[in-house]
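Labels A, B and C are assigned to the chains in the order they are written; within every chain, residues are numbered from 1.
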Amino acid sequence: MAPIIKVENLHKHFKVARHRRGFLGAFRGLVSREYETVRAVDGISFEIGRGELVGYIGPNGAGKSTTIKILAGLLVPTGGTVIVNGRVPWRERKSHVATIGAVFGQRTTLWWDLPVIESLELLQYVYDVPPERFRRNLAEFREMLELDQFLETPVRSLSLGQRMRADLCAAMLHDPMLLFLDEPTIGLDVVAKERIRQFIRRINRERGTTIILTTHDLSDVEKLCERVMIIDHGRLLFDGELSELRNRFGGEREMVVYFDQEYDEVAVDGAEVVSRNGKRVTYRFDGHEITASELIGRISARHRIRDLSVREADIEDLVRKIYEGRLLEAPDAG
Amino acid sequence: MRRTIDIYLRLISVQIRSQMQYRASFLMSLSATALITFLGFGSLAMVFWRFDNIGGWTLWEVGFLYGMVEAAFGTMDLFFSGFNPHIFSRLIRMGTLDQILLRPLSVTLQVLGSSFIMKRLSRISQGALIFVISVAMLDVHWTPAKVAYLPLVFFGLMCFFGGFFVIGSTLTFWTVQPIEVVNIFTYGGREMIAYPMHIYERWMRDFFTYIVPAIFLNYYPALYFLEKPDPFGMPDFAPFLAPVVGVGMLVASFAFWSYGIRHYQSTAT
Amino acid sequence: MSRFARRIRLFVELSRVSFRRQLAYRTANLAGLATNTFFGLLRAAVMVALYGARQEVVGMSVRDAITYTGITQAVIAYLSVFGWTELMDTVYTGDISSDLLKPMDYFTFWMARDLGRALASMLMRGLTVMLIYALVFDITVPVGAWQWAALLASLLMGWLVSFSWRFLVNLAAFWTPNALGISRLIFATSWLMSGFMMPLRFFPDWFVGICYLTPFPAMINTVVEVYVGVLDAQGVITALAAQAMWAAGLIWVSQVVLRAGIRKLVIQGG
């Protein structure tokens, strides 16, 4: 099946005015300006198939939201080709945005002073949703997102979590094939996060909506996405399955050992002592070189072990290491 | 087209309902605005007994100009609330413009529907009141042509000032903050053409004739309605340029607006 | 150092900071200056057209009338004629609580800041407008040290009346959520009754009588009359005394109202 999104060699450069200092500088700035070029997106290519749920992650200023804005038709790129749903997003903005939904973090698409239900009804007309379909969708989302308790409340009085749920409903009313979620769980507590995640999972599975999710919270990605794209400095550092990310970069593991007594010398071959606190010693080892049982064998040959635990490097660590460039030189993008 | 109008009315009704939620503050600003509008002409009227004319025009002749421009500007200010540079620049700063671009509707339509400041009504009614009283006191020699032309002048004035709002808003695509100097053209222009143009220095009048042709929107039509001689010897069609100049201004400003949106779509971060 | 000297130093320091901050708004100052000047030119043209062939109206020559339009445009920023709501904003945002905790009298705290802002505005916008007027028109200039001294005193007193009045109006925010609307209404009233729209002496006597029952003429009209010299020595002294009385009265009333407001704030917990 043809991919729903096809991006080739995408570039977006911004010109940023350099500020001159002082009074004279400000005056000269009015007449002529010096510009610096910032490459927010610097040659990215990827495809996304129908029904995928992709996590798109990267540090602040990495180029995430620039990419999303281009895909959503808000921004015109400097170079490269983008086809979404057979359209070039920014050329056919109106027909394009009619087929997508988007929730941008802390900004709401709803009308501030209106009760939620009236905002949703207004969106029915904005997107020209047939009444029958509107009723069906609304009924379904009301139940899934538990909207009933605040349907009559003006948007300005909603909590952050409630507003996010209302916004998700608003983004899905017109049955978009593609949904962009920019930081959908930011600032929410654990329960609210979980509710949002369940909704995302369900619409992806039951409706086959393709979803692209940017987030700071990597547990969103771990719990929802099979595929992860990592971007930094405008380049794609990784694009693949979550399990592959773990395999390739998750070789490093940690073992915490509690000894029977304090030993003077605890070092062993094949592992590095990361920290030591009385009888508690933490080793780090590379899973590709030595297995956990081999390591246990080597340690117990010299000392008495009372207890131990092995910890997989979590995805947060992995990603941090990738950003820091410790684990890989940026491969050819794509 | 019908869908466009339907959506527009729905968007506007949201704005009206939101403002009605704050009834006390709404009534308060309504009366404040009414007072402010009254003050301009009222203070002139209150000192007129000491002077009896302004550049050869009577109080009611000035009232004709004053009421017309106040009512037309107020109506423009109501319908173009979303294009008021101060209000529009907030749409950019708050990211609301991105939400607008995400909806399958014309951006212009949505900006027009994003704000509808009801307290302008008091400005409109005050202007209309001054105009009606002035006309009643003046004993204007009405002909069918004059009656037919009056709404066109009103429309021309609205378009003309609307154009400045659109230009002022478009500039904020580059500057983010509204450019205060635009106020000289909008609020300054309104104040200026509320008085007969021949009272101003030559250079000011020339500026508002050839660079910003505001003189054709109020002064020349008034010469025609009040059957006064033209002190500057313009061609005979000069009084009838109001709708042309107004619409021309609006069309040009919307061309600049589309250019601005394209610029926004290639720079917004 | 005595307690009094310390308070004076704090006052000066606050004013200085706010003076500097006001000067730093370069583009805003420039835009304000352009707008004030443009409207001044408009109003001067209206005055000239009103006068026509007349040389003098109630003691004011055409030259005085043109100068009058310059003065009113020059004090717009100095006296925040179009409105000042900074204090009520802090009531609504809740920032007021930290200001109330400062080891300084609340009224003096705002007064010091407003003085700095006013002086900077006078420098950047007031004097500049008058300078432009002097270049474009033949304007009236006060004569002699005595009249200059009276003008300075009147300007300072005008600011004191204007500030304590604005302070008082802002206190409405302690009692009502609609203080902004109320203040708009009051500021608009002050334009007419302070002599900002037209010199008060042009108005019918009965109306001028009403105006002088309010503090508004002490803000602008007195400054204008002292400047253009339409008052005799006796008149100037009376006018300055009236300004001083209004200033003292308003400061006293705002203290009383402020205490009541703070009590209300404390009882309701903000």
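In this text, a contact is a pair of C-beta atoms (placed from the backbone, for glycine too) under 8 Å apart; a residue touches a chain by one contact, two chains touch by 3 or more.
Remember, predicted model here, so these are calculated numbers, not experimental data.
Taken together, the touching pairs link the chains end to end in a line with two free ends. The chain pair with more C-beta contacts between its two chains, of A-B and B-C, is B-C.
The mean-CA centres of chain A and chain C are about 55 angstrom from one another, to the nearest whole unit. Inter-chain spacing, taken between the CA centroids of chain A and chain B, is 47 Å. Chain geometry summary: the mean Cα position of chain B and that of chain C are 30 Å apart. On chain A, the positions that touch chain B within their shared complex are 14-15, 40, 66, 69, 72-76, 90, 93-95, 97-98, 100, 102, 104, 107-109, 111-114, 118, 122, 125-128.
The part of chain B that touches chain C in the complex is made up of residues 24-25, 27-29, 31-32, 35-36, 39-40, 42-44, 46-47, 49-51, 53-56, 179-181, 183-184, 188, 191-192, 195-196, 199-201, 204.
Those residues of chain B that touch chain A in the shared complex are 3, 6-7, 10-11, 14, 17-18, 21, 94-96, 98-99, 101-106, 262, 265-269.
The part of chain C that touches chain B in the complex is made up of residues 27-28, 31-32, 34-35, 38-39, 41-42, 45-46, 48-52, 54, 57-58, 177-178, 180-182, 184-185, 188-189, 191-192, 197-198, 202-204, 207.
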